[in-house]
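Mind having a look at this structure? Questions to follow.
Chain IDs A, B, C, D, E, F, G and H follow the sequence of writing; residue 1 opens each chain.
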C-alpha cells in the first residue's frame, strides 16, 4: 500500500494526476460497492489467497451477485462456507458449483495444485467433529495445500492417535479439532514439532456448554506451539494453516 | 439403624424403657454436643472410616476440643485436613501430631496397615498439583490403602505417562489430578480398566479460571469410568478411592 | 500390552517376525478401520465390558455397519445409547433389537446374568429424571448388575427417601440422579456407606441453567464418598457403577 | 402518606399553609440532610422497625454523625451491621455500644422484649456459616423476636437436623443458612410448614464460587415456601423474618 | 409427626400394635405408591394447603391418575400448574376442570373463601410478565387469599406505580414480578412495609439472559424485606405469599 | 410536573378544585387505562418524542387497541418495533401502515421533517447486522433526524471505514453496530469527535455467545465518548441518538 | 484530516514538499514519541477536550514526562485519573497539582469556565458510589461543565430521588451511578427527558459480582434514553456527558 | 521416534541388545528423573528449541537443580519465565543469569543469532501490556528471531498503528497483545498478510473480567489468519511465533 501511495504522490507531483482524483483514489479504489456488501477485490493481492464468501445469512441473490462480481474481476476460484443446502440449490451457477454436504461448503472453479511447504494434517477427536474438519480441509485444499485427514483419533483411545505418529511427526501444520474435553490438542501438541491450530467444536452435551469446555481446555494446553481459533471455525483454521504452510523468507 | 430401632421398640414393649426415653433416644443419641460443633461419634460404624477434621476456619481451641472428644471415644487415629501451619503450631498435642507441610495435613495416631483390594495410584499433571495430590495420598493411606505416587506425568509429554503403563494397568483405583486443561483424566481413563477419580486443581493462570477449565474438561471426558470431585478436593478423592478399594460382596 | 510387546520383541529376536511387520503390528493391530469410525475390537478385553455405541449423531447406516463389525468379531451383546426412535426404526436388525423408549436405548442381544458384588441402586429426585435414570439402569444391567430403582424420592419430601433406608444402607453402589437443586446426592451420600455417583440432570427451569445448578450442588456436596459425572450422563454413571460393583483383588 | 398529603392540601385550602411551603413540605420533609448521607428519620414509622446502619465502607466519623442524629430524633436502639472491629474501636460511644465479634455487629441501646407471633429458628449447615447466622439472629432479636439457634445441622448428617424436628415443626419462621451445596434449605423446606428464608454463604472452596453454588441450589429448591436473599445477607434474612413474625390482620 | 410417633409407641407398649407393624407404619404410611409418582396424601396436614400437581413433563394419563388418587383421599380442590393446553385437552375430567390459558393453570374443584390476614398484591413491570403473575395470583386465590392485580406498573413510568401507593401501603404481602432490569422489586420494597416476594421473569432480550439480569437485580435489592424465588416461579411466590398471609401465633 | 402541581395547589387554594379531585388528579391523570396496558398519553410532552409500541409478545388486538387510543389522543405518528410479519398482517389498519421487513418495524403516519443539529450515522460491521441497524435508522428518522447508513465497514477491512472518514468526522452522533468482536465501536470512537452509541448484536457463532463478546468489547472500549445499549437494541440507540441530536440550551 | 491531506497533496504538486517528506508527514506528524508512551498532542483539536492521563499502572516518572511534554505543547490543563496517592506524592509538580482524595484525581492547571448547554447532574444510589461519582464530576467540570451532585438518592427510598424532581427535569445530561441492583438508572431514565449515562459500580457484596448485577440491570433498562459505560468508569461518563452538553449544529 | 524404534528393533534382531533392555529403553530413556520434576532432556531434538523453565511456583532450589541437570546435558541456553524477583535473587548462578524485571524473565547463557524467515513484530495496545509483550519478545529472541517492538499502538488512536503500516506489511509473524476490548488483533489481522498470534491480557478493570473480554474479542475476530493463546501467555505466543518463523519444506 505504501508503494501505491508513493506512486500516487509521484503522479500528483508530475501533474499526471489531479489532486481530487488522488484523494479519491486513496480512499475509494480498493473495493467496488455492489449495494448490499463491499466486495474486496484487492484482497487477493493483500492477503495471498482467493476470495471467500461467508454464506451464512446471505440470500441466494446476494451470493449470485458476489460471485458474478468476483468472476468479472478475474477471480475464478471461490470458496463458499456455511452454505445451507437450500441456498445452494437456489444459486444461478448451481450446476457448475460443487457442493460438499458434510462441510456445507460450495466450490466455484477448481482446486489449485498444492504448493505448500509440506502436508497439513486435519485430525478430529470423534466422528461428530467431521463437519468442522471438512470445512477446514476443503479450505486448505482450496488454497493450495495437500491435506491428510485423521478422523476419530480421540485421546480416550490413545493407541489410535499413536498409530499415526509418523504422520504427526512429519506434518507441516496440524489442525486438531475436538469437542467435549478437547484434550486432543494437548496430546498432539506434545507429540508434534510443528504449529498446531486447535479448533474447539460445539459437539457434546451437558457441561460441554456448546464448545466452551473444549475451548478452555485448548487455551490452557500445557503443550507449546498450540493456538486456538473460535468454536467450530474450520475455515479460520484451514486459512491460517495454509498461510503458515506457505511461509517464505521475507 | 433399623436394628437399633427394633431394639428400642422391643424395650418399649417389655416396659424396660419408658416412652419418653425412647423418643429421646431415637433422636438424641447419635452424637454428642460439645458446643461449637456436633462431633459424630457413630460415624465410624456407619461410614467405615476413622474420623476426619476439616481444619479450615477452625481455631486451635476448637480442634483441640474435637480431638479430645474423639480420643475419649476411642478414636485414636485422626486425619486433619486443610490445617494451616499456624493452627498446627498452636495445637495442644502438637508434639505427637505429625504435620505434612505440602499437603497441609496433620495426622493424629498412626497409619493403619493397608488392607485394600489393590494399589491406589495418585497421578498429577504437573509439579504444582502435588499439594492436592499429597492430601489425596495421605487420606488414602490413613484409611488403609497402599498408594503409588506418579507426579508430573502431564499429557504434553505423553511418553511420561506411557512409561508407567504397567502401573496404570495394574491399579485398583486411580486418582488423576490436574489443573490447566485437565486432559490427564481422559488419557488415563482411556488406558486404565479401573475406576478413575478426577480432581481438577486451581493451578493455572488466564483462562483456567481457578480450576473451571480443568473441571469442565474432566466432566466432559470421553473416557468411560471417570468421575469427578470438587476443585482441589484431594481429601474427597482419597476417601472415595479408599471406599472403592475396600469394596466387598454385600 | 506389555506382554504383547515382549512377545513381539521375542519373535523379532528369533527372526520369526520381520522388523517392518513388528513396527506395523505394534501400531496397527488394536483396531479395524471401517471408514467412518475406528471400531475398537480389543476394548472388551481391555475394559472388561461389552461394546457400546453412542447413537447420537450417527446415521442408521453407520450404526448398521458398527453392529455388523462387532458381531463378526464375536460381540453379540451391544448397548446403543442416545438412539433416536427414528434412527432405531431405520436399523437393519430392528426386529431383533429391543428399544427402550424412555431411556432412548437399544439392546442388541440379551442381558447377562448379574455377577457383581451387590445391588446397584438408581435413585431419582423427581419423575422427570427417569429418562436419565433408565439409561443408567439399563447400562448397569447390560453389564451384569442387579439394579434397584428408587424413583421420585427427592429431598423436599424427606420421608420418601428415609422409607428406603434399608435398601440404601445395603447397596453396593448408588447412582443419585437429580435436576434443580440436586440435593439428593448429599442426602444419600450422608446416609450410605458405599460409593455414590451423582448425575445432575438438565431437568428444571429458570436458574437451573440446564443442569448447572444441580452440577454445582453435587460437586460441592459435603458428604464424603460422592463423585459426579456429566449432566444427563446416565450411561457414564451406569458404566462406572458396574466397574465399582465388579471390583476384585488385584 | 396519603393522609399527610390530604392534610397538607386541607391546610392549603384553608389558607393556613402557603403554597410554596406546601410544595416544600411534600418534598423535603421526610429526611434531614447531614451532608454525607440522608438519614431517613421517618423510616421507623414507615417500615415498622428501628434504624439500621450499614457499617461497611463508612468511617467512624460518619457513623458517629448518624448515631447522633438518630439519638437526637428519639431513636435510642440502633443496629450497626458489617462494622469492622477497627471502626468500632474508633467510635465516640464505643463504651456504651456492645460489639459482637463473630457477627461484626454493634448494638446501640438494648434488645427489645420479643413480641412476635412465635420463634424464629436460625439454622446453619456448618460451623463456618455462623458469622452470617449471628448477623441474622442479632438482627431478629434487635427487632423484637425470640430466636433459636441450630448450628451445624448440615444434610450430610441427616440425623442432626432430624433430631430437631420438634423445633422445626414449631417454628414461626426459619432462616436456613448454608454454603457449599446449600441443600439445607430444601431439606428444612420439606419438613417445615412455615416460611423459610434461605441465605447462601460464600463459605466453601473450588466450585462453590463464592456462594453461587449454594445460591443456585436454594433458588431451585423443590420445597415450597422457600425464598432466597443475597449471599451472606444475614441482616436481610433477619429483617424479613421479623417482618413475617410480626404479621397481623390489615 | 412427633405425636403420631408417640401414639405408635404407646400402642406398642400396651401390646395393641406388634413391633413389625410399628416399624412398617413409621416408614411406609405417609404416602401411597401409584407407580410413576408417590402421591403425598398427608401433605395437606403437614403443609397447610391443598395438593398441587406440577404438570410439566407429565402425561395426561399420569395426571388423571394423580387426580383420581387425590379425590379418592378427599382432596377435592387441586391446582395444576405448568399444564400445557394439549395435555389439558386430553384429561379425563376436562369438562369439570377450569383452564386458565395465560397462566397455563388448571383448577379442579373451586376457589376457597379468602381467610388470610389481608390482601396479596401481584404487581408486574410489563404486560409480558402477566403469565407468571397469573400463575402466582391463581395459586394464592386457590389457597384462600384475596388478590389485587397491578399489572404494567414498571419503574420507567414511575407515576404508574405511585398512583397505586394506597394499595401498596395497605397490602399484606406483595409479589413483585419483572423481567429485564427487575427494578420493580426495589422500588416497591422501598415503598411497602410488608414482605415483598420478588419473581424475576425470563421476559426480555439481549443481556437479560433469560431472567438472570432481573434475578441478580432482585437479589441485590437495597430495599429491606425483599426475598426472591426462582425465575418464572409464579407458583412458588403465590404459595409463599399465602403462607405468610396466614401467619398466626404459635 | 412541578408547574402542574403548583397549578393544582393554586386551584385548591382558591377553591376552584375540591381536595379529592386534586388528590385524584395528581395520581390518576397521566395515563388512560385500556385494560391490558397503560397507554402513556402524556409521554410525548415529557419525553420529547412520539409514542412507540414494543410489538414483541403483543397480539394484533392489543396493538390495534393501543393505536386507536393514541390516535384518539392526537398522536398520528407511531413507531411499532419488533413487529412480527404475521402480527402486522393481522392489524386493522394494515393497509395504511408501512412495514419494513428487515427491521421488523411498522410505521403509522409519516416521517417528520428532520430538525436535528446534524446527521446521524448508522454504521455496521457486517451485512448480518443490518436488521438491527435498520431498526435504529428508522427510529431516528421517525423522530426527526437525517440518517446516513454506512453498512459492512467492519475493522477487518480497515480501508472500508477509512474511506468514509469525512462522513465520520462530520457526524452529529454515530451509532456503531457490530457482532462478533465488536471492534467497530472502538475504531470509530477513536476517529470521531461526537458521541458514539455502540450496539452489540447477537450475530456470530461459537464464542460470540449471542452478543456477549461484542458487548464486553464495547464496554471496554479504550476510546472516549462511547457508551453502550443492550444487545440488538436498535430502537434504544436510535432514540438516544435523536435525543442527543436535538440537544439545546436549557 | 482531509483538509490537511489536501494541503499536503497541493504542496507536493507545486513542488514545495518532497514526496518522502509528504509520506513522512502523513504518517509521523500526529504524535511525538517520548519513549514509553505516544503522547497524542493533536488530540485536543480532534477530540474537543484537554488531555487526560490515565494514572493507573504508570510510575511518577512516566507521569512527570507526560505532563512536561504536554505543557511544552501548550496544554496547561490536565486531568489525571486513577492516580494513587503515593504516586501523586512523588510527582515533580506535586505542589501545584491539586489532588482529590475520594476521586483519586489530580488536576494540573485550573477548571475552565462552564460553557455547556446546561447543567450535568451526577447522581448516586448510595454513599459508597461517591468515589466514582467524583471522578465523573471532576472530569465534567474540567471540561467546561456546571455540575450538580445528587448523592445517596437510591430507589429504596424513592422520596429521596423524587425530592429532586425539579433538578432532574431541568438537567442537560444526567449521570446515574449505582452498584448493587442499579435500579437508579431506570428510575431516573423514566423521569428525565435528557440523555442518561448509567455507570455501574463494583460496590456491593454477594451476587453483585463486582458490578455485573448493576451492569446488566442498566443494560436492560426499560427506560429510553439510557446508555451504559464500563463498571466504575466515572471518567468515561463525565467525558461523554461533556461532549453531549457541548453539542452544536454541524 | 520411529527411527529410534526401528534402530532398537534392529539391535534386538541382531542380538546386540537384550529384550529387557529394549523394553526399558523404549520406555525409560527420554527423561531423567531428578525427584521433583522430570527434566525432558530429549525435548530439544523433538521440539526444535532450547529448554524452558516455568518459574512460577518453583523454589530456588528446584530451579537450581533443573538448571544444573540441563547444563550437565549440554543445554547452556535456558529461558526462565514467570520468575519472581525474590526467587531470582536466591538462585545459585544469580550472577551469570540476566534478569528482565518487566518481563519477569531470567536468561541463562546468551541469545542465539537470529536465523528465522523474517522479523517478528510484537505489538501492544497500551503501555500496561508491556510485561506480557516483553515475555513474548524475549522468548522469541531466545529462540533465534529478530523482534521489532511496537508498543502502545491501540486502536482508539488509529493513526498510531497506521504509522507503522510498512513494518506490519513486511512482518513474518505478528504477536498482537491487548487487554480491555482486544480490538488490536482484528485491526492488525485485517492489515497484515502474515500469521497473527493474539494474546489477551488481564489488564483492565470493570467488565474486562481479567482478560475475558479481550479473549472473546480475539476469538471472534473477523480477520482471517488470527489465532489466540491463553490470557497473558507471552511465552506461548513467542514460542509459536518462532516455530512459524522457522518453517521449512518437509
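The working rule: a contact is a pair of C-beta atoms (placed from the backbone, for glycine too) under 8 Å apart; a residue touches a chain by one contact, two chains touch by 3 or more.
Every value quoted in this text rests on a predicted model; they were computed, and no experiment measured them.
Engineer: Taking each chain's centre as the mean of its C-alpha atoms, give the chain farthest from chain G.
Structural biologist: C
Engineer: Looking at B-C, G-H or E-G, which one is a repeat of the F-H interface (more than half the contact pairs shared)?
Structural biologist: E-G
Engineer: Quick check: how many Å separate the C-alpha centres of chain A and chain H?
Structural biologist: Centres of chain A and chain H (C-alpha means) sit 25 Å apart.
Engineer: Rounded to the nearest whole Å, what is the centre-to-centre distance of chain A and chain G, using the mean of the C-alpha atoms as each centre?
Structural biologist: 41
Engineer: Go ahead and note the Å separation of the Cα centroids belonging to chain E and chain H.
Structural biologist: Whole-Å distance between the two chain centres: 59.
Engineer: In chain H, which residues are in touch with two or more of the other chains?
Structural biologist: Residue numbers touching two or more other chains: 2, 157, 165, 206-208, 212, 215, 219-220, 224, 230-231.
Engineer: Could you list each pair of chains that touch, in label order?
Structural biologist: A-B, A-C, A-F, A-G, A-H, B-C, B-D, B-E, B-H, C-D, C-E, C-H, D-E, D-F, D-G, E-F, E-G, F-G, F-H, G-H
Engineer: In the complex, go through chain C and note every residue touching chain D.
Structural biologist: Touch list, chain C to chain D: 125-126, 154-158, 180-183, 186-187, 189-191, 204, 206-209, 212-214, 216-224.
Engineer: Under the stated contact criterion, what part of chain D meets chain E in this complex?
Structural biologist: For this pair, the touching residues of chain D are 1-2, 46-49, 52, 117-119, 165-166, 169-172, 193-195, 197, 215, 219-220, 224-231, 235-236, 239-240, 243-245, 247-250.
Engineer: Can you tell me which positions in chain D touch chain F when the two form their complex?
Structural biologist: 2, 5-6, 9-10, 12-13, 15, 19, 22-23
Engineer: Going by the contact rule at the top, pick out the chain F residues touching chain A in the complex.
Structural biologist: The touching residues are 127-128, 151-153, 157, 159-160, 162-163, 165, 203, 205-208.
Engineer: Would you mind writing out the residues of chain H in touch with chain B in their complex?
Structural biologist: Contact set of chain H toward chain B: 27-28, 30-31, 36-38, 40, 43, 56-58, 62, 200, 202, 211-212, 215, 230-233.
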